[in-house]
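First chain written, first letter: the chains are A, B, C, D and E, and each begins at residue 1.
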Amino acid sequence: MSSQALFSSLVLIALLPLLSALVATVIPASHRWITPLASSLLLALASILSLLLSISQWNEPTLVWEKTWFTLGESTVTAGILLNNTTLVLLSVVTFISFMVHLFSIGYMAGDKGEQRYYSILGFFTFAMLGLVLADNLLLLFVFWELVGFSSYMLIGHWREKDAATAAAKKAFIINRIADLGFIIALLIIWGHTGSFSLTSFNFEEQEAWRTGAALCLLLAVMGKSAQLPFFNWLSSAMEGPTPVSALIHAATMVVAGVFLLIRVFPLFTPLALDVVVIIGSSTAVLGALAALHQFDFKKILAYSTISQLGLLVAAVGTGAYGVALLHLLTHAFFKAGLFLGAGAVIHSLHQAQHSSHVHFDVQDIRNLGGLRKEMPITFFCFSICAAALAGLPLFSGFQSKDAILVSVFSWSGDQVWRQAFAWTIVITSVLTIFYTVRMLWFVFFEEAKKTALLTIQEVPTIMRIPLVLLSLGSLWWMVAFHPLDFSGWLLDSIQPNQEHNLFITWLSLISIPTLTVLAFLWFKYRKKPTTLGFLQEGYYLDYLNSLLVTKPILAMSTVSERIDKKGLDGIIHGFAYLTVGLAHLLAWVDKNIVDGLVDASGRLAKGFGSIARSFSGGQIQSYIFWSVFALVISLFWFLFY
Amino acid sequence: MTLVAFLFYFFIGTAALSAIVLLFLKNIFHAALALLTCLLSLAALFILLQAEFLAVSQILLYAGGVVILIIFGIMLTTKAGGQAVPITNTGLLPGLAVGAGVFFLLLFFVHKSLFALPSSAQETIVNNNIERIGIEILTDYVLPFELAGVLLLAVLMGAATIAGFKHVKN
Amino acid sequence: MHEYLLSLLIFLPLIGALIVLVLPAGTFYGRSIALLIALLQGLVFIFILAAYDTSLTGLQLAERARWISLAMGTWGEVRADYFVALDGLSLPLVGLSVFIFIIATISSWKVEKSRKGYFALLLVLNAAVMGTFCAQDFLLFYLFFEFMLLPMFFLIGIWGGARREYASIKFFLYTLLGSILILIVMIALLLSTKSSNDTGTVVHSFSITDMTNSANILSQSVLDPQRGLELFGISVRVWAFIFLFIGFGIKLPMVPLHTWLPDAHVEAPTAISVLLAALLLKIGGYGLLRITYPLFPDAAMQLSWLVALFGVISIIYGALAAMASKDLKRLIAYSSVSHMGFVLLGVASVTTEGAAGAVYQMVSHGVISAMLFLLVGVLYDRTHDRMIENYSGLSSKMPVYFSYTLLAFFASLGLPGFSGFMAEVMVFLGAFKSNGVNGLIHESFAIVATLGLVLGAAYYLWTLQRMFFGKYHFKSSTENTSLVDLDQREILMLLPLALITIAFGIFPQLLLNFINPFADSFTETVLQTGKAIQAIIRP
Amino acid sequence: MLGTNEKLEWIQLSLKYFLPELVLVGAFLILLLSSLVLNKGHQKKSIDWIALLLLMATLMASVISWNQTTANIPLFSGMLTQSTFAVYLKLLFDVAGVLTVLLSWKAYEYRKAEYYALVTCALLGAHVLVMSSNLIMVFLAIELISLPSYLLTAFVFSKKSMEGALKYFLFGSVASAIMLYGMSLLYGITHTFDFTSEVFAKAIYYQQTPFFFISVCLILAGLLFKIASTPMHPWAPDVYEAAPSPIVAFFSVVPKLAGIGILVLFCLAIDLKGNSSIRWYIVLSLIAILTLSIGNFAALLQKNPKRMMAYSSIAQAGILLIGAITLTNQGLQFMLFYATVFLLANYLVFLYIGHFERKSIVDMESYAGIGKSNAASSILLLVGLISLTGLPPTAGFLAKVFVFSSLWNSYEISGQGLYLVVFVVGLLNTVVSLFFYLKIPYQSFLKNGSNTVPSENSWGVNLLGFLLVITLLGLFFLPSGLMGWLNRITFAL
Amino acid sequence: MSLQSIYILSALLFSIGLVIVLVKRNAILVLMGIELMLNAANLNLIAFNKTVPASLDGQVFALFVMVIAVCETAVGLAIILQVYRHYHTSVPDEINELKG
């Protein structure tokens, strides 16, 4: 394939979803049934194209195309595409999952008022995400980084009449925006010290402090986008959006953009910065897992699970094993998308059932569910496969990638105690993962039916089953390597070859994970009653903290500043002027309120001054003469004696 | 002390005294008389200062013109048949203070300055002042003289117009 | 033809104003003529673009004619020229003006009250704005600068809202105060500089080009750095810089001199708000770049941190005040304060990025704020209510309107893909780089200023949530049926603006082609001259 | 010492240069006579024409003498000096005279001939005042202006008008008495009244004493009364409110400019070409800046347009004084430029104030809404007010720029901080002044009037207004012509 | 016969005239005060003329002052009469319809 053709096809892949967005926008409402089909078709095309491209370009040397975007004085900023194996993996994952989600949405979103808008933004999101993946420099990457944030905002708030949804959308965008300040500042540092936005070479000329600073700032952005501590509460709120969106954006693709960014700019990170990355990642992982264990909302369990898994990814990058992170990113994308779509299928079916039976309860609360394995066997089957992958059972992709993470973490920790402590948090996270996965499965599918018993539940339509099946297939071991216990298969070796292996860990997990799973099943089967801890359920009260530390002070400041504007600012100028003229006017001033406006101020000031000037204009001619002569005499005295 | 010197100080005294009296008189007719006294004393001083023509003019113009006009004015603006309204003061203290200030200013610096006041007046050699004044007025001062004429004409005409306006609406 | 393009641009609207005045009142000719003139200006501008050579630095398309030439005995000669020309700073702003005036004329289409006077004033304002951006002679600049005041005063004062009189007088007084400060410095400059090409007698020229050249400062004049005159312990040159800074800062407007702006905007009719925000504010930034910095580079280098500080304060303070605003138009007015703070920051950095970013921000804010004010106008036309709290769930009632609002809000809060983002990034780059390159302002200014982005997102999204999302509800005495979606005329105004802000967001080179040479030469001149003069002061 | 014959010859020679004044005296006499002859109703109308022709003739004569004057010529035994400076001011006075006649057209019919005669007399006084080089002439000329002015104030013949006249008279008499006393003291120091002479200069050079200072200040007080400048300004608002509008326009220009003219000459004399040890510029600067500020601030409170214009003219006197304090050739030329513009703009404003007054629009509030009914008049009035404020594109702006440039130049030469303070404060006063100058346009354009004023046929007024506006705009765009004239003027004593 | 005593007299007359002008509540008396001030000046002029024997400038000036004093009085009285007709008083304080 010639370079030009390659470039063109990459651009085509990126533009196909945009075309889909356009199509969705321009199709008249009378023909809205075309929209889902056309969009899915275009995405299928993109997905196939990228798969083919990935296969043909796999393990080829890195390719870069760049064109001048704009010039600033003597410096030039380019825009272009960077193509290597990482790009190809993400390209395929994004297009494929997006295609799956489109397919699923055909059923899920059927009959929704804003269906066209939905597809349009879904297409736009995919385009932006592809742009992010392909971008060859930090500025361009940032552009798409923000655009995916925007799409996320639009999709979370898709149901505009739902106040919780729009509030969640706003929250997501603003929290991301705060974290993105880090990105901008990193851009500034990098531009200021290297004079370019290049993703590959960072020529800091011995200014390691700035380099670390830039890395940490980028990390801040990653913490926002990938929902790391302390920013992760937006992700659980984001579950207010349609479930396919959660699958695509808040599980498989957008949230991992942060990890992708870390992988891309890995050379920037100094050892110190990497240590911080591990600390953030592993803390998030364990806290997320703990919170997931205490949720009752179906989607929120998955959301906290995502947070926890993202923590693992970040921690993996921090240990230096960015290839491992990419590996887990890939597997996680499949099984988490599968889980979300499974959850979506359940919610969809229950909604449909509620419609026909007029029994209403919260279908996302797992305490209301149960026993669905009989009514929805296919969904149950696919969901279980993905859940197994999440829990890390052998023969599923999750086992291999998590194994790789554990290995790399322990190899990173070496003999240092504090590092080992963080390595053990990863282990704890894995254990917790098993427990919350089982808990979820148990409540939804195994336990005897509670409120769901009142409904006649049907399996989802075929069009929604296809993605489920395909994604569960993608959650099996062969996604990683043909050897079900070896993580360094076709993928890892092409990204970061020669990864260390640790058979002890592999074997240990091989034995312990199934054991723990069984134990978990038993635990949930014979537990007394569902317990939860408030602070875990509420996501560590991060929302309250947020409101206490950020929102409230800002609102207070804004009120203050507006009040300053309306009363104080002009009042200060006013008062200052008054003081210079004389105390007498202050008395007149106190009478009236200090109102807005320099005009008022100057007007009143002038009146004060004027009334002195006028005080000898009372209409009595002798007092006129008196004042004039008086002034004359006084000034003569002044001139002569002073 | 010669007679001339005596007269000199005498008239200074009368002028000053009548002026001071003027300040405190309550009756406006008496005030006019005090003014007349003052003006006539000044005329006498003019003679002693060898300005005979001025002295004559002073008597004619001031005593004969201004004071008469003023007395007419008093009569016209005082209610007929009634007792003259006593004159009161307004803001006496500040007024006096300003007056005192002016007086102080005018006197304080005389001694300090190099003001070339001879201690006694020089005897003027020229005797015929009146003739000289006549010549000067028609040569050097012909222009002010003529302009004064124009001014007199304008003022008489204007004053007549104003004073003669009868159409008063109340 | 070529030589008179700029004059044509400036005088066309004046001719139009005369025609409008001559035509009988009460007809619809006024607005047609105004639109015709605006479109003709568009045509002229296309010719200007064709004739303009982007590869050159400096002034182009210059027209110069002797205007005032007074022999002043011992002073020599005082000379003012009719000198108009364009460079990379003027051209984008002139283009913006031409474009915005077309939009504003369309937006005024439904003005009912004394239409004749309105369009005549609009055309006069048009001429003044064009003149201000084209003039290269200080006196001519000042003439046009002041000439904007009166039409604006009447446009706000006659066609404005409930408190229009208060607002118009406040506007007028503030701006006049600024212009007097500028006048003070203008007189100082006139007498302290000479023309480059005088023979024998000293020629005091008003030409800005001549004044910029530090070789033209007369020795022993008040502004002569070697003489080093001081007032209250501060060098007179620094005073002059401060005066100019305040003068243009009022126009910009910069916190704390901004309080005229919200009032003027709230009371002004839609089209006038558009002009005010899109064009008149730009004159502040234009003045800083054209006059304040190049003419007093030494003082600029001393005080750039102060300029940047005020920039940052404006950014943060404007955003905070916007957040607390209950009136939608007031909110947007404050957002203008915030956005114009970026111009200050960019200029203060004296780097290519910063200067280019400042110009870019001016154009970008011109387009975006025009859109925002038009959108507020659309709503106000229908309901006569601008209070945010009275609305909710508008997106379902007016979907097209919602889409444009969404676009405008996101453009304004600096979403990539829109021009505002490009401008802000350039400003940040410049401000951050400055310390390393020329040591004028510290990195922390840029870093603190980025907070403005978050606050911007916060108040816009909050507004969206309050007004457009949720269940539809409109609390007012007016009939709800009046809430219809955009009509074609309104789309005709909004669509081009939207397209332009996207185009400039994706293809910044479109604009940077013009700006780059200017930004380069600006930075170089200010830094070199500034250093040279400082070397004289502190040998 | 000259003999009598030589003196008579000198008088004969002087008459040649005295043509405008002779014409004025002639005009005065003709008007007096016509008041006796033309006293029937229909004949009265011709008096306007007669006055116009006579004052035009004076203007012509002044133009002629402008053309024949190049250097200073002493006249009438040194009583007067014919100089380019004086002749230029006389030109201004004559223009003002003609405009006064035009403004009075078809109004104030009672005793019109006497009215014009008094105007002519005051004009004569102004003419003589600016030519004076002798304190006797100064005193006489001031009285020639003052006494007719007192009488003219009363020419509305109303209660208020009489009150105004009385106030004007009392204040004026006291001021002239004070000035006269100052002159008598100065005579004691210098032994001469000719303040342009060597003797005078020598005497004061050795007498830089407080006594001398007091005497000069007393004289200045009298002059400041004519200029209506602080501290001798309080009479102005009452008198302006009381007097007929054309006469107010006349008062605000002619006596003021004449006063400024003689003030400049007198200050040049006592300044001794900068050799004086008393720094007069400090005194003048303080007076100027106080006048400007007090005038502007007090004007803010006024509700009557004429009172407002009184304070405005006080403030304008401040700017004229700022032009004068530098006492340099350049500064004074610019001061004259300002004076010219001020004259035109002021007459323009009073043209319309008078015009509206006749439609019984007297208060500021009653101007509400006339921007619609009388659009042309209101716009022309607006230009006048803008010019007084000193904003482009009117000549007022350029004039202000010129005046303040000369101040800046003085600062440049001397480095005196006081100049810079005056400079900044003076210019900032413009902002204040805008506030009240805009009051009338604010009412007429922005307010909706309840009373609808009939837009009667006022093309005559508007034509005159338009001509004045054109001149004001023309002087902004093409100031070179006027400045060329002004450049001919020298300021040697 | 010292001229200084004349000078002191003149200063006294001037001051008294001024005080009368400022404090007396009668327009005609104010007029008298003004006359007093003018006379004070005249006295000075004539006295100082003694020190310049060759010239009569001071005396001539004094003459003109007298003429003008008469003119002023005439004008003043004419106005006072008219004011009296309108206001029925000649107390300046009470004539104050014109004020700011």
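Convention: a residue touches a chain if its C-beta (ideal position, glycine included) is under 8 Å from a C-beta of that chain, and two chains touch if they have at least 3 such contacts.
Everything numeric in this text was worked out from a predicted model, so none of it was measured.
Among the remaining chains, those touching subunit C as well as subunit E are A, D.
Ranked by the number of C-beta pairs in contact, the top chain pair here is B-E.
Of all chains displayed, C has the C-alpha centre closest to the centre of the whole protein C-alpha set.
Note: the chain lying farthest from subunit E is A, by mean C-alpha position. Comparing mean CA positions across the assembly, the chain most remote from subunit B is A.
Each chain gets one centre point, the mean of its Cα atoms, and the points for subunit B and subunit C are 70 Å apart. Separating the centre of subunit A from that of subunit D, both taken as means of CA atoms, is a distance of 77 Å.
If you average the Cα atoms of subunit B and of subunit D, the two centres end up 31 Å apart. Centre-to-centre spacing of subunit A and subunit E amounts to 95 Å, using the average Cα coordinate of each chain.
Under the contact definition stated at the top, the residues of subunit C that touch 2 or more other chains are 169, 173. Each of the following residues of subunit E touches two or more other chains: 7, 14, 17-18, 21-23, 27, 30-31, 42, 49, 51, 60, 64, 68, 71, 75, 78-80, 82, 86, 92-93, 95-100.
Among the residues of subunit B, those in touch with two or more other chains are 90-91, 94-95, 98, 102, 105-106, 109-110, 116-117, 141, 144, 148, 151, 155, 158-159, 162, 165. The list of touching chain pairs reads A-B, A-C, A-D, A-E, B-D, B-E, C-D, D-E.
Of all residues in subunit D, those touching subunit B in their complex are 4, 7-8, 11, 25, 28, 32, 75-77, 79-80, 111, 114, 117-118, 121, 124, 128, 136-137, 140-141, 143-144, 147-148, 151, 154, 157, 165, 188-189, 206-207, 209-212, 214. Every residue of subunit A that touches subunit C in the complex is listed here, in rising order: 68-75, 139, 142-144, 146-147, 150, 153, 157, 160-161, 163, 166-167, 169-170, 173-174, 177-178, 180-181, 184-185, 187-189, 191-193, 554-555, 557-563, 565, 569-570, 573, 596-599, 602. Of all residues in subunit B, those touching subunit D in their complex are 105-106, 109-110, 112-117, 135, 139-144, 147-148, 150-151, 153-155, 157-159, 161-162, 165, 167.
Per the touch definition, subunit D reaches subunit C in the complex via residues 329-330, 372, 386, 391-393, 397, 401, 404-405, 408-409, 411-412, 415, 417, 420, 423-424, 427-428, 430-431, 434-435, 438, 442, 445-447, 477-480, 483, 487. Looking at the complex, you find that subunit E touches subunit B at residues 1-9, 11-20, 22-29, 31-32, 35-36, 39, 42-43, 46-47, 49-51, 53, 56, 59-60, 62-64, 66-71, 73-75, 77-82, 84-86, 90, 93.
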